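Take a look at the structures listed below.
In what comes next, subunit A is part of two complexes: it sits with subunit B in the first one and with subunit C in the second one.
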Partner chain A sequence: MKAAVLIKQVPDTTAKIDISGGEVDESGIAKWSISPYDEYALESALQMQKDVGATVVAITLGPDRASKSLVDAAAVGADELVHISHEGAIGSFALQTALAEAVKRVGADVVLAGKQAADTNAGSTASGVAKILNWPCVGLVSKIDASEGEFEATRSTVAGLERVSVSSPCVFAFDKGEDKLRIPNVRGIMMAKKKPVQKHTMADLEVDASNGGITESSVTYPPQKPPGQKFEGASSAPEVVSRLRDEANVI
Partner chain B sequence: MTVTIIAEQQQEGTHPTLAQMVSAAKGLGGTCKVIIPGGSGEQEASNISGVDKVMKMTGECFSSFDSQSWSSSMKNSIEGTVLLAATPAGRELGASIAAELGISVIQDVTSISPGIKLERPVYSGKAIENLTTSENCVITIRPNSIEAAEMGGSAEITSQDSTESIRLAVLEAIAKASEKIDVSEADIIISGGRGLGDASNFEKLEEVASTLGAAVGASRAVVDEWGLPHSMQVGQTGKTVTPALYIAVGISGAIQHLAGMRSSRYIVAINKDPDAPIFAVADYGIVASWEDALPAMHDAIKALP
Partner chain C sequence: MRTLKGLYLSGCIDIMGYEALDFYDVDSLLTDEERMIRDVVRDWVDSSVIPKIENACREGVFLDEWRQEIGSMGILGAPLKGYGCPGLSYTAYGVICRELERGDSGIRSFASVQGSLAMYPIWDFGSEEQKERYLPKMATGELIGCFGLTEPDYGSNPGDMVTKAVEDGDGFVLNGAKMWITNGTIADLAIVWAKLDGVIRGFIVEKDDPGFSAPEMKGKHSLKASVTSELVFQDCRIPKDRILPGVKGLRGPFSCLNNARYGISWGAVGSAQACYDSARSYAMSRIQFDHPIAAYQLIQNKLAWMLREITKAQLLAYHLGEKKDSGTWIPEHISLAKMNNVDIALEIARVSRDIHGANGILDEYPVMRHMANLESVKTYEGTHDIHNLILGRHITGIQAFTREA
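== the complex of A and B ==
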């Protein structure tokens, strides 16, 4: 069995986001990381590696800097690394088509991804890739038990948590997982740096990297709030409560 | 222009977000068709002012949520731009519909106006992305970001049976969704952090929450360290919330937490550290220990007329 994990490199969640000229100023981002939910997807794939001998392929799409996330994935145990090189904005459909094509080329039986990336917060990739591959998709997954060609997964729905079964090939989108994330050891980190990365371009995957009809896009800071009022001591609590009633009208 | 709304599935009647989607569609002008995937609520949907057509879809694949089969069954019924609520199911289904049609999906917008001009928070609210689209696309809209349309319509109702089969099987329900109000839907949230000292002190927050009809949230630190449910977590790897009132108790205000709650309409912070970053986003800050301030606040709330 071959498990493909879709990984996105994003500014670390501790990073401050600076904006200049209508876009995020990347030079100000001190640390880039694998998007948090993708890490749970990777961890689950590594469980499959242990339980059913799955080969784990980490796939990323992004500029040169994104290859660091593949090395990080290899450091915890990913067997094969695939980097689809692309600079700049890209429409959701073109992005999903490229990832689906890479999944086909590596011959994966199952795809795991985070439910959404920590930069765009969209949550479109897993479901869109599933549609393009014509595979079923199970979203908001927190745990997968794999056997050869069959999976049982825990997913969250409006009704609560439920256990679902689904056959290979299929796609899973991860919420926060039940399993603890593994931490790379020194040997893993050393070996990861030597691991070959298979490179693709949008052109050799035969994907038209269009932006899907989005004609304008810019990023701005959220509107700033006026400074608040600060009170000293617990005795001010009744005052705050009355302001919540009379000034803010929220209680 | 033509807009197709895919209603959020609901046990009975329609989900509150449907009237909000209709209002967004009316803002764009043109005709508005509502598709109801399984479930019920076609009568209620047809009574929302501004709806032109309602189509109820039935079939085996609607017995439980299967985004891929649902989108396949709907593809021939969709016209124009597609709107859904940016709930977890709405996002997954919206992405699947977009890929089915080969068009773009734009998730979780908080503002939509003719053009089509869209605004959506990114980096969990640390920035806002402003977009203009010129082609049909799928757009999901954050719940409660648009005023709901009024009732008073009487649209024609049709139904269609789908032959798509479901491709996943629900084996068992493990845990029922909590009866408590979920933080992502609450008007008032009271959240606790490490400053509470111990998980058992969340009971004190529950007491205030029950007086206010509020939901109880938590910071990432206490979810991770004290084993509280992830569903309570507010912040970048939890839920992004926009209640009318957010009360942060013993939360210092890590950047990831602020990202998840800073767009709340009013924020109250209780913290004994006057330099805690949470005070920078608080409309009303109380510098005091929560042990003293929370009971005083609770008494004052109970004493309100």
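== the complex of A and C ==
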């Protein structure tokens, strides 16, 4: 069995984001990491590797810097690495088409991805890839039990935990998983650098990068939080109580 | 015009998260692998050490999960090759020490003792059987080692040690006591230096050997998250094959110490970076007389001095790593770096404590813990003064350790 993990490199969650001219200023981002939900997908694929001997293929799309996330994936145990090079912004439809094509070319039986990327929060990649491949897609997965070609996935719902069965080929979109990504071992790191990366361009994959479907118009900072209010002395208690009850609705 | 206070309040000045000071971008000289190892260890310290260290210090324990996780990262015995050891560069070993000690000197001490003082002598001076038997499990942290050289009455002067080994039938019998032994009580094996017919030899003592005990020393104000013990040998009997065949005399323990001291020269930079980082962010956010205290010249002077000393220490450590890797080092090079870097780290911790004012004494901030730790680090592995004497002898050709000519 071959499990493809779709990995996006995003600014680390500790990185400070600057916006200028309606765009995120990438030059100021000191640290890039694998998007956290993708890490849960990767960890789940590595457990399939251990449990049913799955071959784990990490696939990313992005500029040169994104290859670092493939090395990070290899350091924890990904077997094959695929980098679709693309500089600059890309519409989600073109992105999904390219990823789906790469999944076909590596011959994967199952695709695992994060439910959304930590930077754009778009949440369309897994379902979009599933649509293009015409495979079923299970969303908000927290755990997968795999046997050869069959999967039992755990998902959280409003009511509680739901278990669903699905056969390959299929796509899983990961919510926060039950298992955090393992810590890499230094020997894994040394070997990861030597692991070959299959490089593709959008042209190789016969994907029209301009056919993105959706274009980002601009990015702005979220509105600033209004300043807090301060109440002093016992005499203000009735007002605090009424504000908490009538405005904040917390009591 | 935006005031400093305005900048702070608008969030433009970041006060969250650890930022490793690297003014000269010395880490750009590292290889990609070394930087990846740095990031792995740094992330591990952020997630597994920083949230737990203060409590571990209060309780005076080294958490067993640290042993397991350090073992699974595969960083123990970093520069050793073969027998399941990582086979990294000395520079990578230094980077690992620096990142661990940014968390706590006790964590770095654990790794130093395991790698440089327990694994290294087996790797360099042990028999093939000894290497096969111990090293793979020590590299994963499954077996813990300690190193017994110092005695209650012989610290800077280990050559006069009184612990003795006597050949007896099919084994050796050890008598004596060692003191200030990191990892002693939690160790599965001890590398013990003792005199056999008047010559210092290395022996491997296992924790269940008859006549061996390792009581923990309590009441430390320093390295509280590290285990420090006595090793007691009372007619302790060990089999013949536990002597390290490859070395005689003080060269054995001293070659271990060279590697450990090298790691400390990097580790101290980590402590200093942690104290600087805390001082800088505290100074930016602490408002007195209507301005962040960072706006005052006395504070800026202190921060600039810290930056200056840390930058010099980083360059010393990096260059010494190059010399270790190319084999062009002499022990005096290591003495200089260990002495200097621990000295400035301790002074930076003290000045950082000043900047933190009264808050600096709380365990909400790491500075007083680093300061107390560094008092030990300044003393162990060759005291500050002994390293000066090593350099003094190098300069003049005249030894000044003893009063005899």
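What we mean here is this: the second predicted complex is superposed on the first by the 215 of 251 C-alpha atoms of A that agree within 3 Å, B and C clash if a C-alpha of one lies under 4 Å from a C-alpha of the other, contacts with A are read in each partner's own complex, and residues count from 1 in each chain.
Throughout what follows, a residue touches a chain if its C-beta (ideal position, glycine included) is under 8 Å from a C-beta of that chain, and two chains touch if they have at least 3 such contacts.
Remember, predicted model here, so these are calculated numbers, not experimental data.
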Would you check which partner chain A:69 touches, where first means subunit B only, second means subunit C only, and both and neither mean what they say? neither
Using the touch criterion from the header, give the chain among subunit B and subunit C with more contacted residues in subunit A. B
Check the residue A:44 against both partner chains and state whether it touches subunit B (first), subunit C (second), both, or neither. neither
Report for A:16: first if it touches subunit B alone, second if subunit C alone, otherwise both or neither. both
Quick check for you: in the superposed arrangement, does A:140 touch first (subunit B), second (subunit C), both or neither? first
Could you look at A:187 and tell me whether it touches subunit B, subunit C, both or neither (first, second, both, neither)? second
Looking at the overlay, what does A:168 touch: subunit B (first), subunit C (second), both, or neither? neither
Subunit B and subunit C footprints on subunit A, overlapping residues: 14, 16
Name, in rising order, each residue of subunit A that touches subunit B in their complex. 11, 13-14, 16-17, 19, 24, 36-37, 91-93, 96, 115-116, 118-132, 134-140, 152, 154, 156-166, 170, 173, 175-176, 211-222, 225, 228-238, 240-245, 248, 250-251
Complex interface listing, subunit C residues touching subunit A: 14, 16-17, 32-33, 36-37, 40, 43-44, 69, 72-75, 78, 86, 88, 92
Residue ranges of subunit B in contact with subunit A within the complex: 9, 64-69, 71, 87-89, 91-96, 98-100, 102-108, 121-137, 167-177, 188, 212, 230-231, 236-237, 240, 244-245, 254-256, 259, 262-263, 265-268, 274, 279, 281-289, 292-293, 296-297, 299-301, 303-304
Subunit C partner contacts - residues on subunit A that touch it in the complex: 14, 16, 71-72, 75, 183-190, 192-193
